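Both complexes shown next keep chain A, but they swap its partner, so chain B is in the first and chain C is in the second.
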Partner chain A sequence: MTDFMEQAQETFVNESLDLLQDMESSLNQLVDDPANDELINSVFRAAHTIKGSAGLFGQDAIVAFTHKVENVLDRVRDGEVAITAPLVEVLLECRDHIEVLIEALGEEPDPTLHQQGEALLAALMQQAGGDGAATAVESTTQLAQTDDSVVVSREEGPQVENDNWHISLRFHADVLRNGMDPLAFLRYLATLGEIVNVATLVDQMPNVEEMDPESCYLGMEVSFRSEADKQTIMDVFEFVMEDSSVVVLPPRSKLSEYTDLIETLSESEDERRLGELLVSVGALSTHELEKALSRQQLDQLQHPEQHPRLGEILVEQHAVDSNTVTAALKKQQAQHERKMKESRSIRVDAERLDQLINLVGELVIAGAGTGLKAQQLGDEDLLESVSLISRLVEEIRDRSLRLRMVQIGETFNRFNRVVRDVSKELGKSIKLVIEGADTELDKSVVEKIGDPLTHLVRNSIDHGIESAEERLAKGKPEQGTVTLNAYHDSGNIVIEVSDDGGGIDPDKVLAKARANGLVAPEQHLSRAEVLRLILEAGLSTKEAVSNLSGRGVGMDVVKRNVESLRGQIEVDSELGAGTSIRVRLPLTLSIIDGFLVGVGDASYVIPLDSVEECIEYEQLEKVRDHGGDYISLRGEVLPFLDLRTLFGERKDRDNRENIVVVRSGGAKAGLVVDELLGEYQTVIKPLSQIFSKLSGISGSTILGSGEVAMILEVNSLVSEAEQRTLHLS
Partner chain B sequence: MDATLTSERDGDTCRLKISGELSIYCAAELKPQLLGLLGGCQELEINLAEVAELDSAGFQLLYLLKREARQAGKELRLVAHSSATLEVLEMLRMEAYFGDPVVLAS
Partner chain C sequence: MSGKTILVVDDSASIRQVIGMTLKGAGYDVIEACDGKDALSKLNGDKLNLIITDVNMPNMDGITFIKEAKKLPRYKFTPIMVLTTESQDTKKKEGQAAGAKAWVVKPFQPPQLLAAVSKLVLP
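The block that comes next holds the complex of A and B.
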């Protein structure tokens, strides 16, 4: 396959997967909101577009399958088939099947896939009430009815004696170069009815020297028998409509419409020959042609100044059938909107974006270095221009990081499906509530958080929420609720999975952990620490699952995944009332605003978002009552850590010490440092694997001077400070 | 993926066999080759048995060859149509234009 085709196919696959995603979320919403036309339309559009694009690539299996699904959706749209839960179920399965077909693109066709497809279609037909044969009859009657009305409005002009559609096609020269093949359109058209006759025109092909083998010189006059409506037939040519000429004349059109057709095309073609073509495909009889041509000449004699344009002819055609006009208008509008949307967003390769962000990172480092040198030189003008540059760099950094930000809603919506499937599997009735869907976070984080989240949600349903009987006995509503929530909190994003299930019994967890040797018998643990134990590997045994209302299956894997993203997990649970698990993740993985501090000879970076305030150490009242280290911050007890002791830096008592108050979640702590060096933009360089056990440090960065500074991980420092004070008390 | 041409001369007749895909991807390359072959003989016989795919561009090439042959008073024959080529010619109702006897492969 050529590069071009490969690219086109890749785009097709990507777009189709996006559409399938839309389709899934719309279908899921349809269960709760079956009367929502917009949702039905969105499902229909997705299926329709996939079918159309698949047709372009000659993917007949996808076209055939999607076509049947689309038919049912069309009937749903027309209100002939009602939306029911089982129907949505089957449609979801059909959606999955289309995805499988698309993903199998380029592989050897698998006969079992075809069988699965057939089985699904059979199930779909059952749900939709028959295969649409009854509808076909209905639509014929409808067609007959419209025909009657059409006859009335057409009395002014003689009709042609022809029960077939007539389609006149002149393909644009670039059609082939754009990756489309007129033959594919004919093949696709054949799926909608019977191609009675075709006259192929190659008259436009120039002489041998000028003939460009990659240009298209084809035109066709097609006589077509079908029950499909005009819109459906026009839609076949949707992708070439813009620059090629496509005229579709309904059966028994006015003779004058054929005249107009001949006239429009005759700008470049011999009209007599065209007329003969129309006769040859059976659109007109010879007699009708004679009449048409003489009428045309007469018209021209009478009104020589008038030369009907294609647009006018189309208007005239549309005027005949007001339904078509509205449909066409709607479609045009939709196309217009789509175009607007297209021009507002472009697809960019994620890798290119990463390269850009990498470069911005380097720029940030270089900028910081320049700033430092300018400060050393103390040149006013230089300082001023450096500060301007650094402001711009900051903005570039923010904007480029925002390029990668996506809303988490899409990820959340996928869980509708998970919840429905799993709860069906387990025979529980569970509702998923989504909050904070518009919270944004880095795409790379979104991609990696999907699996851990799925695990957490499954766990909640599987082990958190009790059976219906148990719930009723406890006086809870029969339907369980799983809530997904996302919000920003001091430079982090917090994703919360909570349920109103049975909760976790800390005593049982502790007993189990003691039995497994995870906790020494004499070790005293706080409630939060006990709950965190469910994340440990030693507890993920089957026995633990059944005894402890089930938490612990693979939770260690979830924890590892989250930690690899520099995130943390918090567990909160009340026995009998439910459990909520909070995953706290950094907003981005690459650049942060930092606060640079000096400790001994080294520099450390504290994420600026978590810094509350800075206070001189001497001014604070120290509380050393229980032999613990507290400070009293405006009467509030604040635990603190001396970073020099913690990181073993050289002590230098001459320095005036400062305390940086940091916050993580609800807790605060003070960090004692020697020097406050100010705000600093930081590019995070990950630490290598051997430092992964190091607590309190999340990464490193390179300072403008070339020195390395460690980036502090506030979350674990705060809990460290808390623990020390707790243990000492 | 590309088409391969193998030809042999037999007096004034040139027998050409095309294998592979007669499509937009190789149309530009094939045009001069095919015209060259036609130019060098009085009768060109094209064996299509190995043509796995024929698209609009491929069809246009065949059409061009036929037209040029007619204008030059030469003979162009398409023989041993593969099912792929046959399907296209039938769909476009162009068998008559080429006027070649078509043998249905069993």
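The block that comes next holds the complex of A and C.
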């Protein structure tokens, strides 16, 4: 395979996977909206395109399988086969199979795959009621093209002297209008051999006043020397064969053939005889005869008028009422407006985008450096131009980050399948409601959020939604509802998985947590704190352990995953009414708005969205007891951490200390710092693997001055502060 | 531009890629469009020597595109070649009725495509 075919095959794989994604979401929507032509069309088109491209790469297994699926879809489109839930089911499985086939590209062919495919097709045919042999056109290639053997009769009659082929051409009047240039065919013919002689016949040319410059009146007699066989020469004229007359006579044909030819052509009437004659001498293929016959019928139709072609052409040209076309077009445009937007997009390698965003990050840092220098110099003009540049840089930063934003809808749609499959497995009837599908977030976040979300959705179905009997007994609708929602909230994106199931019983959770030693017997927890316990390892309240959600190891893994995205989880539940779990994520993983603080000699960055307020340390009533630190903030107990002690920074300056109040989940804590340096655009540089055990720090950034500042991880700092307060009580 | 220019219309990026590379390799200039609507927007008055179009496409199918293109005086005589699949003989007929007199049957190998193209346009 050539290089570019390999490249193209890569494109094929990506494009097919995208199409399969579309196909799946359309199929899922079809269940609720079986009459939607748009959806059926998009499913058909996906299969059609995949088949077409797969053929190009010689992927016969994919072509064969997809072809059968396409046939069924075609019949669905024509209204012959009705959309039913079981049909959609099988089509989804077929879709999966195509995906498997595509993913198996380049691997050794696996015979079991073929068997699976056959089994699926059988199931599909059963749902679609037979394979509709009439529409499944298996007719292989052009039947019209017959054997290319050159039969040259040498038995009787004088033969022509020369060794040249003779080609007799009578172009149809419309040939120019069809975009065909008779000269182009001659030029292509010349690539197969040598054109010895061309005679142009102008007999058909009318008087100047009657002549239509757009029509072709010419005929040609060509003497051609070539080693090519008859079929190859015939194929040169493949595209004009339908309505023009093309006769190819092999070298050393009988003279009589030429005589006949000349006779018939000069009168251009008795082509039937010519056809039969040439077939009988074996120089004519059935294809040629067919053409001759249809041409003759056409002639008969046209006979009554003397110059019928021009008139007919005019009628043909005006045959279509242009108003009708425009109206139809408008309707189509409106329907596809939304789809349009998608296909206008450019596919860019994710890595290139990452590179761009990295560079933008560097630009932000360098810009901050320049700003700092300008400030030190105090040059007015310089400061002004720096501020202009930094505005532009900010805009570039925002726009390039937006490049990586994708709608979450596609991720959400995948859950249709999960919900259907899992609820079927459990024998529950569950509906998935999707809201906020057009909410955008960073692609790198989308990729990583899939697994935790799947876990949450499965949890809802498995543990959340009660069995049908239980629901009916409680006076709830038999069908349970799981809702996926996404929305923006103060610089974060919130993804919410909620169900109308049984809810979480806080007493049970607390009892279990006490039994497992997670909570000390005398410890008192608020309701929110109790609910958050379900995120801890080794806690599951559902007595029956199902194969779906595991043994309570799930939620802590979800929590870890979300925290690795710098996100937080909030749990909200009402016993008997349902549970709602909110995952709060930053919009992007690479650049954040930070709050820069100074501690000792070093600087630290606190993510701005977790900063609540800043207060002066001295002003507050400080209580120190048992080594624990907490203050009373407007009567509320606020634990705090002294960052200087925590990170072992030296205190050699006598700054006025401040407390930054930060929030994580439902909890607050204070961080004691030396200096407040203000807001700072922070480009996150991940920490190397060896620092992964470090608690309290999530990454680093480079300041304008070139110094490195650590980015604080508020979650763990807050819980650290809480822990200390707990010990104290 | 000294070469001959061909507009390739197909919703499948991989097919566009294969056709594009094949034609470029043979010395043609290639313009790509992803559907009929996109293709119409690329008929901007510049000379085209050939249009190759798929039939089944979103937004605007190949047949509608051919009919629309044929209405434009500048492209009235531009040869149009349709990419057809064997199973869609009716589509081929429809394409011919709309004004596409040449065709390439999918799946094709690059040499087949080149042969078909050079019958209409030599590079």
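Just so we're on the same page, the second predicted complex is superposed on the first by the 377 of 729 C-alpha atoms of A that agree within 3 Å, B and C clash if a C-alpha of one lies under 4 Å from a C-alpha of the other, contacts with A are read in each partner's own complex, and residues count from 1 in each chain.
Basically, contacts are C-beta pairs under 8 Å (C-beta built on N, C-alpha and C of every residue); 3 or more make two chains touch, one makes a residue touch a chain.
These numbers were taken from a predicted model, which means no experiment stands behind them.
Chemist: Regarding the shared-chain residue A:R347, is it in contact with chain B (first), chain C (second), both, or neither?
Modeler: Second partner only.
Chemist: Considering only touches as defined above, state whether A:H48 meets chain B (first), chain C (second), both or neither.
Modeler: So A:H48 only meets chain C here.
Chemist: Mind working out whether A:F647 is in touch with chain B, chain C, both or neither, as first, second, both or neither?
Modeler: Neither partner.
Chemist: Which chain, chain B or chain C, is in touch with more residues of chain A?
Modeler: C
Chemist: Could you tell me if A:Q7 is touching chain B, chain C, both of them or neither one (first, second, both, neither)?
Modeler: second
Chemist: Applying the document's definition of touch, where does A:R187 land relative to chain B and chain C: first, second, both, or neither?
Modeler: Both partners, chain B and chain C.
Chemist: If we overlay the two complexes on their shared chain A, which of chain B and chain C does A:V202 touch? Say first, second, both or neither.
Modeler: Once the two structures are laid over each other on A, A:V202 reaches chain B alone.
Chemist: Would you mind listing the overlap between the chain B footprint and the chain C footprint on chain A?
Modeler: Comparing the two interfaces on chain A, one with chain B and one with chain C, the shared residues are 5, 176-177, 181, 187.
Chemist: Given the complex with chain C, which residues does chain A contribute to the contact?
Modeler: 4-5, 7-9, 11-12, 15, 42, 45, 48-49, 51-58, 63, 67, 70-71, 136-141, 176-181, 184-185, 187-188, 191, 235-236, 238-240, 242, 320, 322, 325, 329, 332-333, 336, 339-340, 343-344, 347
Chemist: Which positions of chain A touch chain B when the two form their complex?
Modeler: Checking each residue of chain A against chain B gives 1-2, 5, 175-177, 181-183, 186-187, 195, 197-200, 202, 205, 208, 211-214, 216-218, 220.
Chemist: Show me the residue ranges of chain B that touch chain A in the complex, using the header's touch definition.
Modeler: Touch list, chain B to chain A: 1, 24-25, 27-28, 30-31, 35, 55-57, 59-61, 63-64, 67-68, 88, 91-94.
Chemist: Mind listing the chain C positions that touch chain A in their complex?
Modeler: 11-15, 17-18, 21, 25, 34-35, 37-38, 54, 56-60, 64, 67-68, 71, 76-80, 83, 85-89, 96, 99, 101-103, 105-108, 110, 115-116, 118-122
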